[in-house]
Every structure is written in structure tokens, then in C-alpha cells.
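Structure provided below as C-alpha cells; questions to follow.
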Amino acid sequence: MMPVARPAAWDGGVCPFAAGWQRVLMWWFIVGDGLLFGAFLAAYGYARLIATTWPDSSVVFSLPYLAAMTLVLNTSSAMMASGVAAARRGAWPTARRWLLATTLGGVLFLGMQADEWRHAIAAGARLSGNPWGDASFGAYFFLITGFHGTHVLLGVLILTIATARVATRRATPLGIELVGLYWHFVELVWVFIFTLFYLL
Amino acid sequence: MSTQTSVFHSSTVALLFAGLGLGGAWYGASIVMPSLASRHGAGIDSMLSYLLVTTGILFVAGYCALAWFIWTGARRRRIDQRLTRRRTEWLVSGALGLAVGLIAEGGVLAIGMPVWSEYFDATPPADAVTVEITAQQFLWNVRYPGADGQFGRNSAAAMDDVSNPLGLDRADPAGRDDVVTQNVMAVPLGRAVRLRLRSKDVIHSFFLPNFRVKQDIVPGMTPEVVFFPTREGSFEIACSELCGLAHYRMRGFFDVLSPAAFDRWLAEQATPTAGGPR
Amino acid sequence: MKGVVRRGVTMTDRSDRFSAGGESVRLYWATWAALLALTLVMLLLDTAPVARPWLVAVLLVAMLAKVALIAGNFMHLRHAHAGLVWTFIAGLLITGLTLYVLIVPDALRIRDMLVNR
Amino acid sequence: MSHAATTVPGHDQSHPELGFIRRYVFSLDHKVIGIQYIVTGLLMALVGAALATLIRLQLGWPERTWPLLAQLLPKGYAGGVMAPEFYLAVVTMHGTIMVFFFMSYVLVSGFGNYLVPLQVGARDMAFPLANMLSFWIGALSALLMIASFFVEGGAAAAGWTAYPPLSAVATAVPGSGMGQTIWLLSMAFFIASFTLSGLNIVATVFSVRAPGMSMWRMPLTVWSYFIASILGLLAFPALTAAAVMLLFDRHAGTSFFLPAGLVVGGRHLTNSGGSPLLWQHLFWFLGHPEVYVLILPALGIACDIIPAFTRKPIFGYRLSVWCLVAVGALSMVVWGHHMFVSGMSPFTGEYFSIATMTITLPMTVFGVNMLASLRGGAIRMGVPMMFSCAVLALFGSGGLGGLYLGNATADMQLTDTYFVVGHFHMMIGGVTLMATFGGLHYWFPKMFGRMMNETIGKAHFWLTFTPFFIIFFMQHFLGIQGAPRRYYAFTAYDFLRETRIQNLVVSSCAMVLIASQSLFVVNFVWSLFRGAPAADNPWEATTLEWTTSSPPPHDNFGQAELTVHRWPYEYGVESGDRDFADQRVPPGRVPVTA
């Protein structure tokens, strides 16, 4: 629940990053959570450098499918931004529609990722090995995309709650913006995974 | 006022710090390292001596200053107002910080780095004695390449703790004359030693206290160590990275022999069961 | 509140400063288009016969461009106080990069050992 | 608008008739949570000290049998002799408990929770609910860690650093079965708890400072908590990632940390592709900043105690703050100095060596500032001051020891020896322990409204600091003689025969040290009920917590307006019959000096 306005007298009088403490906190959370992905990706880079051969993920995975997944997440993120803008204007019905669309985008992305996993598993990929080469390849694939997928799932849940709150007029513009920050962060992480895991 | 304390009490605290500082330095000066037996070790020892002297002086000075400030402070009723100005603050602590920083950084750059480079960038001389050490819980497998100077093939898949701990391929001609021992190794005086280190299971660390040699053996890595023994004698090998239950007694022996005695020793090791453990 | 305002940083929240009108929504969809274009360019490059070092360099630059677009426009970092921007850049990007850069030499050393075994 | 409405959200102080459970168990009050953390941490310290006793009994008298212990711990002491696997489990758990569940809880989360809102003039933490969650997740993680002693194979035995493959392969050492898994889960809870509490401290410093409390008017304690929290938030994710990966290696068949060709205990493993070195990097990426997370608050606390007992402003306040910032930043890029002989690239070894030495500069400046704060003061040697001087002394000697270990060349001989044990006990053991005792004596009146006993406190200081110094000073020199750490006994080696007497002395001192902690326990409990009633400001100190009652009311400062007018070290000024001005004294009455 976002706090109601409080007198500035207890706010220290100064606001270090000129952003309100809720936003600053959200950014700190993003940095911390982002570093978790940073550590996974650094470990992946490390394993890949050790390996003498590494499968080409753009051959293992379908690039058009990957482009479609990225498009879905990307569009969902833009819709979220539009929803936040609507919430700020006070145009709550518009905000509700954007949020609903965003949530659906998240669900679609999750479905596509599940399908990608299904294909990989059907092809013989396991945590302990895979048909394409170095055992670490499959392990890092499941670890990194699985962790990202968990974040998407969490985001979908948060978005559902936020949509419901908008529908019942209990949401605040700030609350919607914080949800938006999280959702954009999920896309931000995908940009790294897309480039570093799938393309490079 | 509960914070009023007696001058006597404060003085005893001051004396405690002074006593610990001076006593510590006296105790520290009485400790000797394991006797030195390698060439690069002299560099490490001079690094340590440099640090012992500089930090020893700083240590005693710091403890005595602390004691002195407490001693005099306990006898003062009003504070010394001259010592609260900002200009002096930056000067005093900045200068001391720089001085200690220079001692530390200068020591690393001037004394430390040359030794570090000598040790890690050393290209082994052509006549170096090459020995392969394969650590396992809880012993050191030692292998000499034999007369041909070539190690035979071995593989993890063929490793068997009872009959073939190193997984040697008996069909490989290069491996016929390999000499294998456990926990005992010898090298001749006057030649460099080139150790190839491996581990079969967990992380071990090959530690020769007298030679100032310590190298972790991380599985999957094959680090090499090159050093030059400077005197004959029998020395101990210890494991210095926690490796399991018997970590504390994963003891080996490292003998530096005269060249003739070394050749005799190697021939003795080769005869009974070539290629197998003793 | 007098005497506590330092360097002009007061309770006003800078991220309230940008307008929330139709213009920003247009910006979001322009950003969306730019991200899409970058994604397509990256995918095309990946299948094109480009020398590996160039490919890596271009992909990384494109990735950072996408990150800047998302963080700057969607997450409004463009309007934020420098402190917040640096929280993001130093806290996330530089810290993550430091971790990676300082472990790379070890990974290369391990590979050399495996190759020269 | 009345002040009743100005509370932090979710924290309604207008209902003081809360039941016992809401008030003392599931409390949202930062003061109660802080005390809960402190008490939990002190209880864990007793466990850690008991484990230390077992370690020192074994090392001091390796040939003795212990019939009594055989009855108490039939598994670990079969036949009265300590089992090596039990020894390793004890060493591992001693380290884990002391670092994470004692120091972190008492010093960082405990004092941090109690002091930060009070010292910045806030009614509570920014997120009281998250604060409560943080404590209960933390308590769960402590319970889980203790519970691991009772599972099959015993507690984790791979050291507090949990290096794989020892920690990844269940057959490598007995504790690597269920015990290691519980260790990892417990650490995950700990990290969650610490992250919540760290975010809370950052948010509190950012957002709920009282009017006039600018960043440059915050006490050094608050600065140190602020920087330590940021460090924790940046460093912990790497360990979280590593713990997840290690769990996968242990239970899902991945090979993140396991290379090809392992043969453990005669069994061939099918793993391939990983490297144990990766764990070391990820672990120390957290591990090194973590020691600063512990030590910065200790230094901050000492810096707040010293001026109150020298009646003189702290020396070089702004410079000290910048030193804390610099140390925080540098601590993120030097972790490799724990791995100089691990087989890491010699090139990065040189980098880490030079970078580590750079920390000397800000740390020396900070230490000199502390020392200079004593100079020219009118010293009252109360118990908190005695412990603060001990903080300074141990910080100095531990810091000088750091010069040996940060220097790659010297570290080649000293790493993994008792020099390291001596060094880190001086720093994250001693500096923090002394600051904990100093802080407890100093803020006890504020927390409980009663004074602790001075005489017992003084005796406790002598019997704590002196043996502590002797033990860990001597251990440095055991390391110089080459004694490796984590050895169950020093009896197997000729070159360690000389260390027999030293180990005997160390063990004897350890017994004195541990036994004398009963003085503290007695003092703590006795003072809680029978101590002399405390005034609001018994130490005549200047920071905000001393301007409210002892103990403070639920909303910390009552209905009074709270405005800060000056820096936190206004000592040695003319203020009527007093020589200090607290932060709320307006500039008209006493001139503002900073």
C-alpha cells in the first residue's frame, strides 16, 4: 500500500535523489536484483570462456521465434509505459486497458518461453547435459531463462493485482509507476539475455 | 555523574596498551620462520622482513601514542581547543595516511612485484626436473617422467584407487619408464624443480614451508610451479587448503639430494614395480 | 523548512516534472519502434557474414543503446537526478562489468591449461 | 495537524495498548526489533563461543580425552576423542555463526535498527513491516543453521567459505550431505533478511530524517550504517547467485562448479565444464565487502562513543566520512586478494595486490582521525570508552596485518595459515566484538532505562580484551611459522612441533576469554532488573537519541517538535553549566561550529 501524503516535517527536509523515497527504493531493488542476473551472466561468460567449443545458440534456437518473444515483451513494456502515463493523467479507464494488455503480453511471453523449454527438453536438453555440446550450455540456458521467466511470472501476478486495484479505484499513480518500473526492469534484463546468451 | 573515573584507573588502561604494544613487538621479534631452502624464497623473506620492520615500528608507535593520549587525557580537566581546527586535521591525517599508503604500496611495487614475477613468469630451465603431483584425499601421487623425459598418457576414466591411482595407460610407450611414488619425492640439488600439479577430487594446496612454495590445486586446473632448491635436506609437504577429514595429516616428504644420490634414489623407485604405487 | 534546502535539492520530485500528456505516449511508442528496429538489426547482423570481433562490438553497442532507451524513456531515468542515474550506471552496469572483467583472465587461464594438458 | 497523524505508514503509535505479542514479539517498533536482533545475536554468540571452546580444547590438548564431552556429545566425541568430521563441522559453524548470526545481527541489524531512526530523528524505520519480516526471516535462518547439527552427517564441514567440490560432492566430507544443503538454504534466508534490513536503512537515511538533519549533520554511526547497507545490497546478489548454482550442482546434476574427470573417494563423477574457481570469485565478491559491512559500523560506533568521553569533537569528521565512502567503493574491487595462490591469473593477482594496498590510504586516515580524537581530550575512562580504545587498538594492529595479506608476495607464504586466522579475528572478530560491548554499555541506559554496572564492566574489559589480544596476536606468528589453518591437530608435522607451547597458551587464554563472558551475561541480566535508573543523557552526549527519554517512547520523540540545528559533535563549547550542545540546541543559545 502506498502511504498517504505526510507532512514534510518528518521527511528530513531534503530528498537526496530528488525522486521520492519509494522510487529510490525501487531503483535500489532493481540494482540489487539486476546484480543477481549480472552474477549469473558473468558466470555464464566464465563457463563459456573455459569451454573449448560452445554451441551456437542462434542455431540451436529459432531466431524468428526469439524475435517474436522479444517483440511481445517489448510491446508489453511500451503498453505499460502508456498505462503509467494514463494513470498519471488520472485517465483510469485508459490505464486499466493498458494494464490489462500489458498483463496479457506477459502471459503470452510466458507461454512462448514454456514452449521453447518444451522444445529444448524434447530435443534432449537437461540440466546435466544437452545434445549440442558443452554441458554448461544447457544448464545456463535453463538457469538464466528460468530465472527471468520467474521474474515475468511474478510481474504478471503483480500486474494482475494492480489491474484489479485500478478497476476498484484503489490504485495510486505512484503505485502504478512502481509496478511499471519493475516491468521495464524485466524487459531490461531480457535485453541482456537476448544479446549475451542468444546472439553472442 | 557516572562518567567520572579515577586517574589511576585510566592510567592502568594506558599502561595496558603500552604494555601490549611493546610486549607484542618483543614477542614478534623472537619468532623465526621455517629455515629457508629456495632461491625465490629469499625474495619472499625480504618482503616479509620489510613488512615486519615497518609495521612493527608503526605498531609500537601507534600503541604508545594511544597510551600516551589516554595517560595525558586522564589528567586534563579542560580540552585543548587548539586541536579541533579543520586545517590541522587534513594535514595530520592526510600526511600519515599517505606515509602508510606509501609504505604499503611501495613495498608491493619495489619488493613484492619482482618476486611475484620471478616466481610466476619463470620459464623453466631446460635441465629442470619435472615432477607431476596428483593430489587426492589424502595423499600425494608423485610421478617422474623417467629417462625419456615424457609422461605417459593417463586418463581420469582409468583411475582406480587400488590398482591404478593415476589412471596410467600401460600401452603407451612413453609411460613405460614413468616412476610413480606416493607421498615421497626427491629432487637433485643444483637443478630447478618444475612441478605440474593436479587434483583428482577436491581442492588441495601444495605447501612446502621451507621453500616458500604454496600453490592451490583446483580440480580442472593444472598449475605449474618452478623453483630452485638451495640446500640438501629432508623437508615436509603439507596441505594448506581444507580438503576433508584427514587434511591435517596429508603429509608428504620432499628430499633434496645430491645429484648422484638422486639418480640412485630414482633407480630404486623404478625397479620394484614400475608404473605402480610403491 | 528554512535552512535545510541544500543545493536546490528539495522535496520536489523531479520525475513529476515531465509532462504526462499525449506527447510522452508518442515518445513511448517511438521508443518501442526504435527498440524493435534495433532488435531486427541485431538479428540480421547475427546471421550476416560479419567478422566476429566486429559482430561482438556492434551487438554490445546495440544492447547498450536498447538499455539506454528502456531506462531513459520507459523508466524516466532521462529526467532523473544525476544521483539516481549513477545508482543505475555504477550500481548495476559498472559493478556487474567489474565482476565479469576481473574473472575473465582466470577463465582464459583455465582454458589454456585444458588445451595444453 | 497533530503529530499523531505524522507517523510512518503502517505504524500507528496512537494505540499504545497493543497486546504483548504485537508489542514485543511481532513488533513493528524499530527499537524492539533492534533489541530482538541484539538478543538473538548474543544467544548465537554463546553457541559460537561454545564451538570455539571445543576447537581450542582440541588444539591446545590434542592427546587428551574428554569423558564429559563424550557423554554430552556422543556422536562428536566417541570414546572421548573429538572426531575429525565433528571438528570440521565445528570450525565451519563457528565461522558461519560468528560472522553472519552474531556480528551481522548484533552490530549491523541490531544496533542499526535501534540507532539509525533515533539518530536521524525519525519516528521509525521507513518500512516497519519489512523490518519485522527481516527479523523473523533472520530468526528462521538462525534456527535452520543450528538445526543442521542434528541431520544425517552433521553440519556443513566445508568451511564457512564452502568451497566446492568439497561442498558440492556429498561424499567428499560427511557434512556435505544434508548439512551443506541446510547451510545454503539458511544463507538464502539470511540474505533475504539482510537485504530487507539494508533497504530499510538506506530508505530511512534517505527519506525520514528530521528537519535540519542534512547528510553532513549525520553522526558517523549513521554514515557507517548507510554505507555498509549499500555495500551489502551490491555484494550479496553474487552470493545468492552462487548459492542457487551450488544447490543445482548438489541436487540437479548441473556442473557449474565441477570440472570433468573428478574421482572422489574412488567414485567417478560424470560432471564436466565447470570450475571451482568460479565459486571462489562469486563468494569473495560478496565475502570481501561483507567484512566491511561488519567493520564500518563498529568503527562508526567507536567514533560516536569517543567524543562523549573525551569531551572534544571528533577529529576530521568530513574527512572520515569521505574515507568511509572511499573504503566502501574500493572494497568492491579487491576481492581477489583472497585467492592469490588459487591458480588465478598472475596478472589479476598483481592488480588485486595493488588495489588492495590502496585501501590502506583511507583506512589509515580514518584510524589516525580516531587516534587524534583522543589527543588533547579530557578523558573519562568509562567502560564504553575502554572498549572504544580497544576497537582502535585492534583496528590498528589488524590493519597492519592486512598489509601482509593484501600483498600478493607475502601472502604466498601466509595465506591459509594462522596468520589469516589472527588477522580476521582482530578485524571482524575483535574490532566488532569490542564495538559491540562498547555499544551495549553505551546504549544500554537508552534501551532499558538502567545503567550497567561499571565495576563488573571494567573487570569484563580486562578479562576480555587482554586474552583476546594475546590469542590473536600470537596466531599471526603461528602463521609466520607456517601453521596451516583448519587443522584438526598440529601433531603430524615436525615443522609444527615448536607451535605446541604457543597453542597451549592460546587455548588457555581462550578459556579465560570465554569464561569471562559470564561476567557480561551476569552484568546484562542483573542490570536489566537491578541496574541504577538512568538519566535521559547519562553520558552528556550530543546526538539525538539522548534528547529523548530513556527508554524512548514508542514514537521516539513524543509530541515535541524536532529540528536539528548543528553537527553531532558539538563538544567543548560554553553552554551554561554544560560543555556540550546537543543537535537540537538552536544556534542562538550556543554558536554552531560545524
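Which chain is which? They are A, B, C and D, in the order written, and residues in each are numbered from 1.
Everything that follows uses one rule, which is that contacts are C-beta pairs under 8 Å (C-beta built on N, C-alpha and C of every residue); 3 or more make two chains touch, one makes a residue touch a chain.
Computed from a predicted structure; not experimentally measured.
Should one ask which of B-C and A-D has more C-beta pairs in contact, the pair is A-D.
Chain B and chain C have Cα centroids separated by 44 Å.
In whole angstrom, the spacing between the mean C-alpha positions of chain A and chain D is 35.
Inter-chain spacing, taken between the CA centroids of chain B and chain D, is 29 Å.
Remark: chain A and chain C have CA centroids separated by 14 Å (rounded to whole angstrom). Shared interface positions of chain C, i.e. residues touching 2 or more other chains, are given as 1, 4, 6, 91, 95, 99, 103, 106-110, 114.
Multi-chain contact residues of chain A (touching two or more other chains) are listed as 11, 13-17, 24, 28, 31, 35, 38-39, 46-47, 50-51.
Across the assembly, chain B contributes residues 220-221, 223 that each touch 2 or more other chains. Screening every pair of chains for touch gives A-C, A-D, B-C, B-D, C-D.
Those residues of chain C that touch chain A in the complex are listed here as 1, 4-6, 9-15, 20-21, 24-25, 28-29, 31-32, 35-36, 39-40, 42-43, 46-47, 56, 59-60, 62-63, 66-67, 70-71, 73-75, 80-81, 83-84, 87-88, 91-92, 95-96, 99-100, 103-104, 106-108, 110-111, 114-115. Put simply, chain D touches chain A in their complex at residues 1, 6, 8-10, 120, 122-123, 126, 195, 199, 202-203, 206-215, 233-234, 236-238, 240-242, 244-245, 248, 252-256, 270-275, 278, 281-282, 285. Per the touch definition, chain D reaches chain C in the complex via residues 211-212, 214, 234, 238, 275, 277-278, 281, 285, 332-333, 336, 343-345, 347-348, 351-352. Contact residues of chain C toward chain B in the complex are 109-110, 113-114, 117.
Those residues of chain A that touch chain D in the complex are listed here as 1, 3-4, 6-7, 9-17, 21, 24-25, 28-29, 31-33, 35-36, 38-40, 43, 46-47, 50-51, 126-128, 134-136, 139, 143.
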